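In the two complexes that follow, chain A is the common piece, with chain B as its partner first and chain C second.
Showing the complex of A and B:
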């Protein structure tokens, strides 16, 4: 197994989960409905827990322990897509991001359940069941609000248009992409993107929303290689604030 | 106390009856289905394998420690409690006794499924108070990762369901 390839894959997935989990948790206490407050908080807990398990696999492969990896790196050492680090904005943007991200996430872990790396395949079988709930939650709200009032439709449409270049950036290929595919570790970002487009198109077609023409959009790449927006470092600084008061403290 | 050599797997399983899910204190780990293997090797070393219900379940460390504590209390010095995803937990692994305990506790047991959990399965909850099927899912998320929230149109009470997974 190509160690660098698998580590790169694990880091980008774990970082996506950790950062979006953190962003989701910012809805705690601020959701537009109590149920949505709980939903985003629950998804935050799932995602941070999933990132922890992915970091644990990295630890078994020789990387530092999960706390060190999560709290001691700087922005340029993170491999998350820029999409997940963008500010929550209003609920419409958070919902659209949740939909576009979790649709990809569910397919990603369904694909990884077939990985030749057994440890990852076992974890993926677990995560895909949990992510199913996230994806269903997003689909319900997109279908409902995407066909509700003039305001809900136009807000979601604006967020969808704004999100699409970043969403496509999630599928930025790794420098080890061909190794991952050849070794059966992961079927690859292109294969994932194709399935994602089909699913996103299917859900959006049941609403009054118009899917932007993906072929004419330039994806925002860079995140997988440590290039981030100005939003990531402040988020990391805040996230690790307590940890850094005393990194050796035992909880 | 039995000598280590005579230890039977069934006996160890019986000991673990006293370890409950910290978030659902009527449900033993045996009935929850998270104990996936118990092994005693020729030297008397006891290995217990466990699998988490949810990846981010904060109760897992507590459960693992509780199992260790029981083994220590029973005089097993040489033991290992391993948490892994080798066997992936699903809600069909909750025993009949566990399902009854959940219902008595006021939590609807998860509907049994053929491993394809979709919206129809999740919405299908019987009220643990009056057994009515005339219920509505309010949100697939709840106060803990493993619960969803529902409302019964028959007895007009909100209730929670242990999520099918």
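Showing the complex of A and C:
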């Protein structure tokens, strides 16, 4: 097994889950209604939990322990897509990001359930239920607000248009892409993107929203190679505040 | 700007002074309520879990799943029904069987299907008892009275039309298979009891 290839894959997935989990958790106490506040916070915690599981696999492959990896790196050492580090803005943007990201998340883990790397395949199978609910939650919200009122439709449409270049950036290929595919570790970003497009198109077609023409959009790449927006470093600084005060602090 | 220890609050840029008085809320600014019922294991009866607010039953299901079926609650299936679509019987004191208060007899009509839930004691959750066929809600109560023998008094009965219930899909039962390791979600090792006691003592 190509160690560098698998580590690169694990890092980008774990970093996506950690950063988006943290961003989504910022809605705790601010959600649009109590029930949704609880559901969204709960899914955010799932994401942080999934990142922890992925960092644990990295740890088994010789990387530092999960806390160190999560809290001691600088922005340029993170491999998350730029999409997940963008500020929450209003709830419409968070919902659209949740929909576009979690659709990919579900398909990615479904694909990884077939990975030749057994540890990762087992984890993918274990969290199938969580990711399925996440995607179900996103789809129902998008279908609801995507055909509700003039305001809800135009807000979602704006967020969808704004998100699409970043969403396509999630599928930036790795320098080890061919190794991942050849060794049966992961079927690759292009295969994932194709399935994702189908699913996103299907859900959006059930709403009054218009899917931007993906072929004419230039994806925002760079995140997978450590190039980030100005939003990531302040976020990391805030996330690691406690860790920096007392690295041995524990619950 | 309003200053908070929570950086998220600071990012909202809330002014120090609010316009007073605050704008009045619309009278009905809440969604309608739905009742949720959980089946912990295949074959076990559904039991009432609680109430959620939602704009429709699909969203009620989404919310009920996160409110009532995690954190150590085993769940196999979940269903929701709009509160206003549940017929609630009279209540009794715990000694009397509420069925004894229903007058009349079951019509024998089988044109609609109803789900019957019993609470056996004040404060106890309603449990699914079975399905009866009848012509309307009142008739369903009488059908239930004839159908289900009772060795203990029933405190209260809920009746819902079977078609009004949104049930989780069998093929989605895996949404309850989550990671077992949930320690990161809990503050179980966060020992605050001593500090709370000291604080209370200080307050007298």
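Just so we're on the same page, the second predicted complex is superposed on the first by the 248 of 251 C-alpha atoms of A that agree within 3 Å, B and C clash if a C-alpha of one lies under 4 Å from a C-alpha of the other, contacts with A are read in each partner's own complex, and residues count from 1 in each chain.
The working rule: contacts are C-beta pairs under 8 Å (C-beta built on N, C-alpha and C of every residue); 3 or more make two chains touch, one makes a residue touch a chain.
For clarity, every value in this text was computed on a predicted model and none was experimentally measured.
A.B. asks: Evaluate whether chain B and chain C can sit on chain A together after superposition, giving fit or clash.
C.D. replies: clash
A.B. asks: Go through the superposed model and pick first if A:122 touches only chain B, second if only chain C, both, or neither.
C.D. replies: first
A.B. asks: Touch test for A:194: chain B only (first), chain C only (second), both, or neither?
C.D. replies: neither
A.B. asks: Examine A:250 and indicate which partner it touches, taking first as chain B and second as chain C; both and neither are also allowed.
C.D. replies: second
A.B. asks: Pick one for A:53: touches chain B only (first), chain C only (second), both, or neither.
C.D. replies: A:53: touches chain B and chain C.
A.B. asks: With both complexes superposed on chain A, which partner does A:39 reach: first (chain B), second (chain C), both or neither?
C.D. replies: both
A.B. asks: Quick check for you: in the superposed arrangement, does A:238 touch first (chain B), second (chain C), both or neither?
C.D. replies: second
A.B. asks: With both complexes overlaid on chain A, does A:210 touch chain B (first), chain C (second), both or neither?
C.D. replies: Once the two structures are laid over each other on A, A:210 reaches no partner at all.
A.B. asks: Taking the superposition on A as described, I'd like to know which of chain B and chain C A:132 touches: first, second, both or neither.
C.D. replies: both
A.B. asks: In the superposed model, identify the part of chain C that clashes with chain B, out of 44-52, 98-106, 134-142 or 188-196.
C.D. replies: 44-52
A.B. asks: Could you list which residues of chain A make contact with chain B in one structure and with chain C in the other?
C.D. replies: 35, 38-39, 42-43, 45-46, 48-50, 52-53, 126-127, 129-130, 132-133, 136-137, 140
A.B. asks: Any idea which chain A residues touch chain B in the complex?
C.D. replies: Counting only chain A, the residues touching chain B are 35, 38-39, 41-43, 45-50, 52-53, 119, 122-123, 125-127, 129-130, 132-133, 136-137, 140.
A.B. asks: List the residues on chain C that touch chain A in their complex, please.
C.D. replies: 7-8, 31, 52-56, 58-59, 62-63, 65-67, 70, 172, 174-179, 181-190
A.B. asks: Along chain B, where are the residues that touch chain A in the complex?
C.D. replies: Contacts found on chain B: 52, 54-58, 84-86, 88-90, 117-119, 122, 138-143, 145, 149, 163, 165.
A.B. asks: Across the complex, what residues on chain A touch chain C?
C.D. replies: 26, 30, 33-36, 38-39, 42-43, 45-46, 48-50, 52-53, 126-130, 132-133, 136-137, 140-141, 144, 238, 250-251
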